[in-house]
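As written, the chain order gives the labels A, B, C, D, E and F, with residue 1 at the start of each chain.
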Amino acid sequence: MSEPQRAKAPDAGEQAKVGVYICYCGGNISDHVDVEKVRERMETVPGVAVARTNMFMCSDPGQELIMEDLRQGRINRVVVASCAPSLHESTFRSAIARAGGNPYQYEHANIREQVSWVHHGQAATDKASRLIAAATGKARTLTPLEPLRVTARRHAVVIGGGIAGMRAALDLADMGVRVALVEKTPYLGGGVSRLVRLAPTGEDAAHLVTTLARRILEHPGITVHAGSAVTTFGGYVGNFTLGVSPVPGACAPAGETWPGGYVPGKGVLVPPSPDGGAITLETGVVVLATGFASYIPRPGEYGFGENAEVVTLPDLIQKIGGLEGQRGGTLVIDGRPIRSMALIHCVGSRQIPGIHEEDANGHLNEHCSRVCCTSAINTANAIREACPQTSVYELYRDIRTYGRGQEELYAKASGNRVVFMRFGADQAPVVQRGAPGSGHPLKVTVTDQLTFGEELEVPVDLVVLATGMEPGPVADLVEMLKLPVGADRFLLETHPKLRPVELPIAGIFLAGTCQAPMDAGETCNAASAAAVKAVSLLSKGYVELDPFVAEVDVRRCTGTGACVQACLNPGAIALETMDIDGRPVTRARVTPALCLGCGACVAVCPENAIDINGWTLAQYEAMVDMIVSDAVCQDSGAVPETVGA
Amino acid sequence: MTGVNPEFVKRLEPLSADLGSACFNCGTCAAICPLISEHFPRKMIRYVQIGAQDRIMENARELWRCLHCGLCTQTCPRGANPGEVILTLKRYVTSVWRKS
Amino acid sequence: MGSQTGATAQDKILLLATESCAYPGADSVGQAHASYPANVYVLKVKAPVLFPEKFYLDCFRKGIGGIIIMSCGEECPYEGAYKAMAKRLDRVYELMKEEGLDIRRLRLTAICTVCNRAFLNEVNQMNQIVHELSPPVQAP
Amino acid sequence: MSQDISAALVSKETLKALRAERRDWIAGASALARENKKARKAVMDRLAVASATVPEITEATGLPPDTALWMVASLKKFGEVVESEKDGSFYRYALAAEAAQAQEA
Amino acid sequence: MDSSKNAVFDAVVIGGGIAGLQSALDLAGQGYKTAVVEKDASIGGKMIRLSKVFPTLDCASCITTPKMAAAAHHENITLYTWCDVQRVEKDATGVSVSMIQRPRYVDIDKCIGCRKCEYNCPVLVPDTEQGGFSGRKAIRIPFSNAIPQKALLDVENCMLCGKCADVCPTKAIRYDQKPEPRRIAAKTAILATGYELSSVTGKPQYGNGDIPNVIDSLQMERLLAPHGPYGRVLRPSDGMIPDSIAYVQCAGSRDASMGVSYCSRFCCMYAVKQAMLLSGSLPLADITIYYMDIRAFGKNYEQFYQNAKAMGIEFVKAKVASLDAGQGGAVTVRYEDQTGEGATSRDHDLVVLSMGVLPGFAPGGVCPVGLGPDGFIQSVLPKLSPSVTDLEGVFVAGVAAGPKDIVDTITEAGAAAMQAAKYLTALSGKAPGAANKESSHE
Amino acid sequence: MYNPRDIIEILAGNVRKTMSPFGVPKGMVNGWWKTEGLRQDEKTLLFTGLMYQFVPYIETATRQMERYEDTTWTAYLKYARYVPSTLSGLGLAMLTPAAEKEKAARHLRNIVKVLRASGTRFGYRPDLDEYSGILLYDLGDLDNFVRHARIVAEKLQKAGVRKIITTDPHTTYALKVLYPKYVGASFEVSPYFEALHLREGGAGKKITLHDPCFYGRYLELSNAPRRILGEIGFECVDVRESGLFTSCCGGPAESISPKLSSRIGSKRVQKLDATGEQIVTMCPICLNNLTRSGANVVDLSSILAGAQASASN
């Protein structure tokens, strides 16, 4: 494991000259906070060298104000008072860096989300003043920090061998990154290999999977560990260590051929991992491409499990395949003619609390599964075109053929005389046994919104449930890698727009349906996007990390070891023997790349010898002092009421 | 309970090529129709789509209120030609009357 | 509206809000333009496990009327930090009692990034408490 | 057009040529500026009396309501007019302090 | 900004909207020299003009500005704004882009963005950046967070009075600037040319744009934006606070009779989003969304939609057949109440048309890239690599390849950058940062 | 509302027996041409389809029916088909005022006048000028429409007619679209105003044009009348509901429900009146129904002929 290095020694001791910059935010702040008054007040705060305002501090001219003051040597610490730091802290840090300052000699005061949008009048102006004063209190004691540099292995582990994993692996390997692809089953292909023709463009799923898998297997930069799973995980960005072990029982049934042979419904068979037993992978980045699980209807849901004639859409697709030999007549499944069939949408998707029943674990799938409408319509078209004697009914809530070519598919289905019926979320269709003598084993009744709310009865031979996507079974990885999970139980990205394929854990990326339902094209886009982030991260050969880690003042440290005991990430801090003033002593020492920066050690040190860089206890105390101080504004003494409950 | 008969549309096929299958029941025709008559003409198109023959005959006289002005066809987002479907149904109903 | 009026120093409430959950949670209240008393000051922390017992007592001595630790609860990104801190707070409560401070002045809660309602409840409750109680220190 | 625009680093000849070349645009822009000026004056005069809603401005100035609102919004953008209190289904608009002084003078 | 007339890059990105910026950032992040060519006077595309974005409801400016600033300040990125692309040619040596630098009539190296010219200009013209609801001057900074923050003179509305030149502290006004041809060369290109909203003119059912208080969705974005024309939502005909606002979905999508039969994909969600923002800023207003199918398909979109329903926003399943001017500035909406009485009409104070999306760029004669029947750039590998076009080495990202929301656009922009980087690697045989040619023995 | 079944049977029976939907013999309605001195031997044939001529009779029938609509009398209509059609037709003819008949004839004479002023060469053959059968088509009686259309088409084909100038939208649509489609008979058909070239004579007057559905929408012929009006100096002030989006005058419903017909007509008139300009149309049915709904509406032919008159002064 490589040791992270500080690029430059901190340069402290210079007299603090704080520049305070207050943003109007185009009225967002200035409509409620008297910005000019606050600026006047800030000019009186000790340590403040300049105080300025701007309509949009984040704009180029706003940033230029700061940069110019830094360049002129008027200031050496910066406080910007504007919106939430999540939005623009990094903007201002990089402006400081561009002006030659240290980006960590910066403190942000949040006077929009936490002042102007929640308080009004004098109280808002006063609170803004105190918050900014507190920020200057902290800023005065900020020391320059340098990001930690960690050498990064030019290697990636991709977990999951579906199209997302294969796409990401190929992209990475083509960029000269060595890739280990870990797949639980003996097959490459994942969810796509369970399909036949992909909507709306009609590609052959087997062909797509085979094309990708062959390139994966032939690529000298990619090693496939099929039938294997990640069992241990450690390290940090640039230097992760993963233990990979064979999954017991994950081997292909006899008769299936490899390598490169395509097994319908399963994918391309891959030889077992060359190493056989458990191995350790050392890698720079990890791409998660663990895919999704198909929703299994509850027993009795639309008659599922109670009637053999009720099946799921994935099952139907498997059963009918390419509809070979079915041309011209009535669809036949398992020897049974299907003269009439109903496809019910949104099974296991778009569930609504109070209407739908939670599963045994109390979960509801409130999300839309995105692909089922198009998939159902695609299947209906295939059947109507091959078997015109088979009537197809689609019972839906909203038709979500959103993508390119999908609306056309829906129009085609109408032209193919697929009959669409629309039901309300609270008026689910009812599947029952057909009346004796009706000639059909089942009947579906639905209150059809398209037929003016009339109740319609459809005799059918088959009911198909368009089941949605659920999060895949990745509880073990979530636990091991400490992955964030959203309310929908899919893996949760840092921000859907700013960082859509990234996680708060640096060096781990999301690709495909482990994040949310997606179709094949969207999955490959997500995988390539994950790959580009990984490649960018690895392109320099090192990774820069936040410098907010614990640092021991060895002069104060007495080697009690309390910090070591309190540390939450074993190995991040340890007692060591070192020479101080020529004497060997026991002192605590931090491994910065492993330090989480949580501060558990700070609180327990009896000598106050440890602090988190950029978040020191003394800085918090300075902030509290400024908040309670009457120096910038006097309290009116009136008693606030309770509001906004 | 309204009966559904997917075979019904076959009886209309000899009368016209436009049988409203393209219709996705958006309701533009009903709202644009100068008659302003409940769900007309979508009502009739919908009954053709699901094959509700009884409902068509029950409401047959309504068909002749249609002005054949073509505004529904002009504004139909799916090119389903509602005007032509109504004309087709007039032909169908006329033939049923003549047979009876 | 109550929040229009000012507050006395002793009314001030400190929120120690975790940067990954409660702090964005407070921002989310702002984004919703929900109003709450202006005597509430949010300080961003990586993890409140950082603060020793003394820090809380010092705050009260300086005149802070109430402190709410808004953590991530079970979702804490630092495994074990929440437990360690909860244990520490037990000791802080003991020390508060020794100093004659009402222990309702210090609360530990979990606030997520979108818990607007919970956030407002906590803040309003604490606001009522600090106004029921006399100031933690006598005004100079 | 008597302003000295030598500041624009354009010779008199070039400028003359430009004026000839852009004659239609200049005519259009001048007409627009005159209209702007008239509408602006009407709105400012009305607001100098007292704050007003858009319907009140319309009544006083004879400008169509959408034009009155457009002018108020434009004047607001350049800080000459401010939004005042709500009045029923409308907001009142008033002269900004500086503009009010200038109007008086 | 590099103002050299001829320059050579690794990659050129056509379009400086969110897609182009993300692609450029992802390429520049790997060390590739990248040019971004933008037809507008500022980068940021449509997104910088929005109020807030779904489903997180964060402020669009706050998300776009950092990316704009990051691109503007990136050492590997060169921006070309206010440029009209004339031709994109691809041959064995790479891509060459010929374009015309349109005159700003301002020396951008001198302009400091102080807006003195703007304050002193006597000509007010409808500001399209504000939906036309307020005026802008003939010379102005395009909008508050534009990048670059440089003035721009609209010469067609200039009377050459000389006021701006008089007040300019840096003497930056250049009345006699001329269009200048430029040519840049690169090894690969990404087309991120975005979209235009379809127009209400030519849609007589919806009034051809002549009915007061019928606006389009981008205009509503401006009304909702904090620095919008009125600073709040008002009815443009007379400044009334609207009590009842309606959304007309598919007002130019999924409608062959209006020329666009495809689904524009993000209108459902922006309507739901705007409805939510409206119910926040106008708590007493009734908000109705007329729709055919609510297409809330993305991550957390359905939950967002259900929240909107729970907030009391009314969803009416009907395609609006026509709009008419009603009494006192109201707009009459005709539709079929499908499970009720049938054909009916309702009056609203303000009606928003969720217009469809048209390709932002017609490559005909400009770039020989293949198009789909919908006019958007065609992907030749729509499943395995949607950013690959039929022109080798030319990739596509975002709405240029079909309607897409911001999330999907940003993801696709990353994917396009990945494919472009792979292409560059294959050309040079070496990836940035690779110690040696690991892939040479493939 | 009358029972459509009865109406269809009456009209179909009339057409079958008399070639006329109202049972009025052709010789009785079609006399306008006698004063015009029209040539018979031109290659291009003027073909009226008798629509203008029928309008006065339709008007009379509609007024009668309106009186009895929604009364118990409507039920007796089904017995009407047992009355000999010539008899009922004669009755209708007697009830129809002569002034109305003359007005209808004037429109056709105006059309002739402007065609001549434009230098268009055309002939007229009263023996070939027949009703097109369009009403049967509209009512859904495709069998009887096709039967009648075949007779008319054969007559024309036998006479060697290739080029036809029509005078109303219904006949134009029937001949241009329906005859080729259902009878396989194709002619070169164009309405009279399509190829006109006239002299300036409008002197900047403003008018509002009501596009008949068949012209504006089905045949997409709304530009042609605007072009010619523009050429002679009229300014068209269009309502939004024009051209492809024109709104029905209500006329087609008059055989089933005169009340519905006037309700729709009134709405249309309200829209057209909003421009405040003279309303002009070019369809006898529209002309009649809009007039009946209270509009001051004139036929395009009158405007064109009037303009020529003033131009030559």
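Keep this in mind: contacts are C-beta pairs under 8 Å (C-beta built on N, C-alpha and C of every residue); 3 or more make two chains touch, one makes a residue touch a chain.
Small disclaimer: the values here were computed from a predicted structure and weren't measured.
Hopping across touching chains, the smallest step count from chain E to chain F is 1.
By the document's definition of touch, common neighbours of chain C and chain E comprise A.
Minimum number of contact steps separating chain D from chain E: 1.
For the pairs A-E and A-C, the larger set of C-beta contacts lies at A-E.
Put simply, the chain nearest the middle, going by average C-alpha positions, is E.
Taking each chain's centre as the mean of its C-alpha atoms, chain B lies 27 Å from chain F.
Centre-to-centre, using mean CA coordinates, chain C is 52 Å away from chain D.
Between the CA-based centres of chain A and chain B the separation comes to 50 Å, rounded to the whole angstrom. Residue positions 244-245 of chain F are each in touch with at least two other chains. Those residues of chain D in touch with two or more other chains do not exist in this structure. Shown for chain B are the residues that touch two or more other chains, namely 24-25, 39, 43, 74-75, 78. Contact residues on chain E toward chain B in their complex (touch as defined above): 205, 250, 254-258, 261, 292, 318-322, 334-336, 338, 341-344.
Of all residues in chain D, those touching chain E in their complex are 1, 3-5, 7-10, 14-15, 18-19, 22, 25-26, 28-30, 32-33, 36-37, 40, 53-55, 58, 65-66, 68-74, 76-78, 83, 86, 89-91. Those residues of chain F lying in contact with chain E across their complex are 240-241, 244-245. Listed in rising order, the residues of chain B touching chain A in the complex are 1-4, 6, 9, 21-25, 39, 43, 46-47, 49-50, 52, 78. Chain F contributes residues 1, 3-5, 7-8, 138-142, 213, 217-218, 244-248, 250-253, 256-257, 260, 264, 267 to its touches with chain B in the complex.
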